[in-house]
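Sharing a structure with you now.
Chain naming follows the written order as A, B, C and D, and within any one chain the residues start at number 1.
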Amino acid sequence: MAVVGIDLGSQSTKVVILDGDVILGGASLQTGESAETEARMAVQEALRQAGLKREDLKAAVATGTLAVPVTAALNIAALKQRSAASCIATGAYFRFPQARTVLYVGADSSMAIRLSADGQVEDSVKNERCAVSSGALLDIVSRMLEVPVEELGPMSLQATAPETVSSRCVVFAEGEILSFIHRDPPVPVPDVIAGVHQSIAAGLWGMVQKLGVPSELLLCGGVARNAGIVKAIEAHLGKALLVPAQPQYVRALGAAVFARQMEREGVASC
Amino acid sequence: MSDASLITTEELATRLKMAAEGIKKVPGLMKSSVGYMELLQKYVERIATAKEKGKFVATHGTQQPIEIYEAMDVVGVFNEFWGVVSDVVKLESVPEALSISASTGTPGEVCSFFRNMDGLLHVGKWPRTDFFLYATSSCDNVKAFHTLGRRYGIASFGMERPHYPFTSRALDFWKNEHKRLIAFLEEQTGKKLDYDRLKETVRLSYRLTEICLEIDKLVAHVPSPMSSECFGGVLLALRLMCGTQDAVDFLTGLRDELQERVDNGIGAVKEERFRVMWSSFTPFFDPKLMGFMQQKYGAVSVCEMLARWRGESKWMLDPDDPLGNLAYRTQLAPGNCQYAPSIDWAENSVAQARIFTADGAIFNNNWGCKQAAGLGPIVRDELLRHCGVPTLTIACDVIDNTFTSRADIEAQLDGFFEMLEGSKAYQERRAHA
Amino acid sequence: MNAPLQTLNEMQRATSPFPESVTVKDWKATGRKVIGWVNPYVPEEIIHAAGMLPFQVAGDNEPVQMQGAEAYIYSNTCSYIRTCWQLQLDGKYGFLDGLVSCSFCDQDKRLYSVWEYYKKLPYMDILYAPRKRDEEAVHLYLGDLEDFRDRLSQCRLSRIPDRDVANSIRVYNRGRELMHRLYELRKRDRPPVTGAEALEVSKAAARLPRERFNELMEQLLDEIQRTGRQIKKARRLMVIGSDLHNTNQVAALETLDAVVVVDEMNCGIRYAWGQVDTQLPPMEALARYYVLGRPVDMHTWNSDGRLEFIGEMAEQYKVDGIISEIVRFCTYNGWDKFDLKKQMAQRGIPILELDLEYGHPAGAQVKIRAEAFMEMLESRAG
Amino acid sequence: MLTMGIDVGSRSSKCVILDDGQLLTYGSIETGPNIVKTAQAVVEAAVNRRTGLWGEYRMPLPDVKVDHLKIEDMACIVSTGYGRAVVPFAHHAITEISCHCRGAQWFVPGVSTVLDVGGQDSKGIRVGAKGEVADFVMNDKCAGGTGRFMEIVAEALQVRLSEIGPLSLQSTKVLPFSSTCAAFGRGAAVAMRKEGERKENILAGLHESIAKRVMALVSKVGISDKFVISGGIGRNVGLVNKIEENFAGLKVNLPQEPMIVGAVGAALFALDRAQKKAKAGQSETLEGCDEGH
């Protein structure tokens, strides 16, 4: 029985189609179109991958700040909404049941969640007002240094003496980084990137600690693909992080898991 | 800077009058919600008409002995209230006042209650004020009363309180500060204080406390009978109009209505799903949020720390020593512990969470409030440790509605209530009820 | 180019590593206690009289990365407070046997609460720092001081007698006198020390046993006398505002063609000013000195007094400009900003306002302001 | 006497060459990761009359060949802007504040207040009686009122920076920006877009919020009658209108080429120094005016 989870982030839309424990398809779109259109397109793409038709979707759960306007547009038999926190937690638990703290780092927001042994959300915090501890800074850095986002991680691992960024404001951090580059002699690019990673990690670590010292910490959201960030957080944690494959889909996956639950409980049929 | 959207006293008065009329027609609201609007309107009316009535006006901070003002025909303007009520009738006013304040060089990191006052004073739209009255016992921002007072030629008097307010030495000192306040007022107004009148306002104020505690007992009922639109009424009566008959009448009416609702098993909402306590303050920045929470989540606000008395609060020690009573009163008064050590506020929160069987707490971390910033984590930890009540911390500005978007707050509330529903503690509490 | 001050190096050696210095280690090795103090309304004399070492809790020349402090104190507080707490979390203040603070500002108050709740020390105390400067305030503060002495006496199991307090007052008065002398020397057209060096001196005063500091201070003044040291810079600056303990922030200003000749900080001039009256009963004398005897600070409600003091000092020290360094989220400095600018304008003294994160060295943002300010002073000088 | 001003900003670099204070030529390029290369490249742009950033020239340029000009031909060179300290061939580095103040007077004689909204920092400058900087203020703590904020939002909306101004003029309503934080601004804009809001209305809201910010900033030094906006922002009609709307009775004076105000100021300072040296009877060699080193 195929179900779908739809993650309507402020930046992009992600969709996961789930059947039992098997992921049949997934899609991520960033079109700048209206949320309805983008969601419809993403679902289409995921259906294509899964080789299914819309009618095959027995249940759907949408999450993300923009969930409200789109639900109608999708005309799927049963579509419910769940909060971002629940979906992140459920998606993470689906991948790593041993995770007790989940750290989600998205494009311009981040969130830490503490889980109970059975995957229930026990407590959660959102990143504070200044956005340094989110993906935003990485995008900017990649543009400034003309290094593709996906290469930031690997490159930072070559760092010898990282230059940390002290500013809490993304734009001012950008300024600091500029001054590194324009220094004479300029700070080597890997050291700049590693420094940025350390600053982001420090901010994230502070947020995680609001939920107490984590035992098993899982990192997800797009930023989790960055090996440099992972390393920098592990330096605080003192042990390895749990990082799911395709971490950017965890929230959509969680939504899909809720959809599966709905479908099983027969909520969907009404 | 443009100041087109700024609210004026007169505008406020008329708009509130309209609101009071309008609310009568709204179906399904509590009777007292009209009373609340009328009380609000009376409060502002008093300020708007003070001049023609030849009364002195005092703009004041928290923890002030309003009973003394009442006894001396001094009309009080609570500076924090002004921002709150501006949001109720005209959301654009505060952000504009804040940007005017910024243009004078006042940094955006100080309390926006005071920046709002700063901005309105700068363009002459703050209620006409004869003097500023304040006390250490609110926060560092009261320094603004002194600096702004000098800037605009308004006399000011501040009362000091020791760090630990409960020692007998502290009480004596604090009582003496009341005497100094009276001396200041007598000098400013050229009138002597009539102690018999003071005894009367103090008596009314004590009556108010008693009714308030009765109301607490009713609100503690499951389901809670008090709907969000009346929630602020207690605060208004208690902290801005104590010592007046109007306040006593309003609270009496509210109590009777709540009693009636409890007897008939009527709750704030059809199905009460969550009982929420506000462990710092209610969302003044978004006057519609509490109503929205009732509708969307069945989440009923049951307690706000700023309106909670300490224990039994029998502060009428000796009817013939009004100042002694007032000095002691402040020690127990709502919001008082905000000034005291963090743990004191935290323990008080735990006590309240138990009385009102709260399911969850929301801590509004007001950007400009340094006390809250160092208080939140302890309150949060204590509530969780002692009564399994989790806290949602919202980064906000106490009155600037542009600081955080509603969408953002909703997203957090969604997660919070889903979390509560899943928690053991919550399910147990529900099983009990 | 001036040779580095030998005695200053000695002071720095004695106070490093920060914060648990060789001196602190030696002190603890003899089984004596160290009591941390947080703000200028904690009378070190009483701690000294108890035979304990008063040590100022603060940051130093290395910026501190927040990694966890904000889980206890949200980030909308001044970074000085968060830095202190972060250092505690990092275990840097593990050597403290006690902590004494004052409700000087909301944030000091909360730092104390957080410390008490999450990391209770054997001895903890907090006093009230009066906002007014009058007899009632002295009386109120004296009451707190007596309680403080009683509790500290209990902690060391014997009453701290008046005569010990009186003796400590003499020791600290001597220290103030010596520091004051250095301030006098800085009035010269070519001051003997830079602002950065002067800041290192007052930091040492707050971290060393006062007797030892006094010895070194006398040495320092001799050395200055002997070497005839002179700093030749085009502009004279005054630094005011929030406390700063990262010397590099002052040094950064002095890399330009300017020298800082005076300041208006708790960890600077206010720490060196005035004398405790030795004629009065010691406890009362202390109360009078701390409430009335020092230049008005930002926390008192009488900010006119503060601004006048700033103006007078600026004139006495013939400064070309004032640098007002405010740690973000400082309520008191925030409310003085408007009148400060106005009153200094009336005195014809240009002022540069910098908003800083505590302990973080001047970034490009700050550098350009400072340079532009110097260009402005230059064009004024014509 | 030829003098050069180079303004190496955090986003863009400009170079101006004056002949006895008369505009000879100028050029602009984007600032690259390497300042030294950027500095050389922008000089190239100037002598070849290329202005890569914004297509057409707005200032009339004398019809003389300049492409033979070399750095050595300059009597004095002053650098300003973000990378001012690292321009290898500059004799002096002077901050943007002084240079914008000086340049603004060249464009608008008698100017009394200058607003420059740069990439990362916005500046308000009060000009003194003698044309000197009497007071100045810069945004700190938050980049909510900077050009960067606009870039971020423009990018999120996929509108070219040069077009956001004109586009916003077609707005039918002003959508309030719930967040004035540059970093969150992106999310806010995309979200509004996804909720189906029109780009022009979002941009109108953006300009409104930036206008409020920068005017609150410049008010700190006091706003007087002769008000000039310099820097790239001066090309954004949407913002300029909002500024006039938000500040009753204010008439904004726009330099013909707002982007080069800083560079012109730098070139004028270079002229001063060169002339001073000339008077001092020393040769106008590089060393000649090279007192800064």
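Definition applied: a residue touches a chain if its C-beta (ideal position, glycine included) is under 8 Å from a C-beta of that chain, and two chains touch if they have at least 3 such contacts.
What you see is a predicted model, and the numbers here were worked out from it, not measured in a lab.
A.B. asks: Suppose chain centres are the mean of their C-alpha atoms. Which chain sits farthest from chain C?
C.D. replies: If we average the C-alpha coordinates per chain, A ends up farthest from chain C.
A.B. asks: From the C-alpha centre of chain B to that of chain D, how far is it in Å?
C.D. replies: Here chain B and chain D have centroids separated by 48 Å.
A.B. asks: How big is the gap, in whole Å, between where the Cα atoms of chain A centre and where those of chain B centre?
C.D. replies: Roughly 39 Å, centre to centre.
A.B. asks: I'd like to verify one number: the distance from the centre of chain B to the centre of chain C, where each centre is the average of its C-alpha atoms, in whole angstrom.
C.D. replies: 37
A.B. asks: Report, in whole Å, the distance between the mean C-alpha point of chain A and the mean C-alpha point of chain C.
C.D. replies: Their C-alpha centroids are separated by 45 Å.
A.B. asks: Residues of chain B that touch two or more other chains: which are they?
C.D. replies: 104-105, 109, 367, 377, 393, 395, 407-408
A.B. asks: Considering chain D alone, which of its residues make contact with at least two other chains?
C.D. replies: Residues 82, 120, 141-142, 191.
A.B. asks: What are the residues of chain A that contact at least two other chains?
C.D. replies: Correct list: 65, 128-130, 172, 175, 178, 210.
A.B. asks: Answer with line, ring, star, complete or other to describe the graph linking chains that touch.
C.D. replies: complete
A.B. asks: Quick check: in the complex, which residue numbers of chain B touch chain C?
C.D. replies: So the residues of chain B touching chain C come out as 104-107, 109-111, 136, 139-144, 146-147, 150-151, 158, 160-163, 169, 173, 176, 180, 341-343, 365, 367-378, 393, 395.
A.B. asks: Going by the contact rule at the top, pick out the chain B residues touching chain D in the complex.
C.D. replies: 1-2, 99-100, 102-105, 108-109, 402, 404-405, 407-408
A.B. asks: Hey, which residues of chain A end up touching chain D in the complex?
C.D. replies: 8, 10-11, 32-36, 38, 65-66, 69, 107-109, 129-132, 134, 136-137, 144-146, 169-172, 174-175, 178, 181-182, 184, 186
A.B. asks: Can you tell me which positions in chain C touch chain B when the two form their complex?
C.D. replies: The touching residues are 71-78, 81, 102-103, 105-107, 109-114, 116-117, 126-128, 130-132, 136-137, 139-140, 143-144, 299, 301-304, 326, 328-332, 334-339, 341, 353, 355.
A.B. asks: Sort out for me which residues of chain B touch chain A in the complex.
C.D. replies: That would be residues 367, 377, 384, 390, 393, 395, 407-408, 410-412, 414-416, 418-419, 422-423 of chain B.
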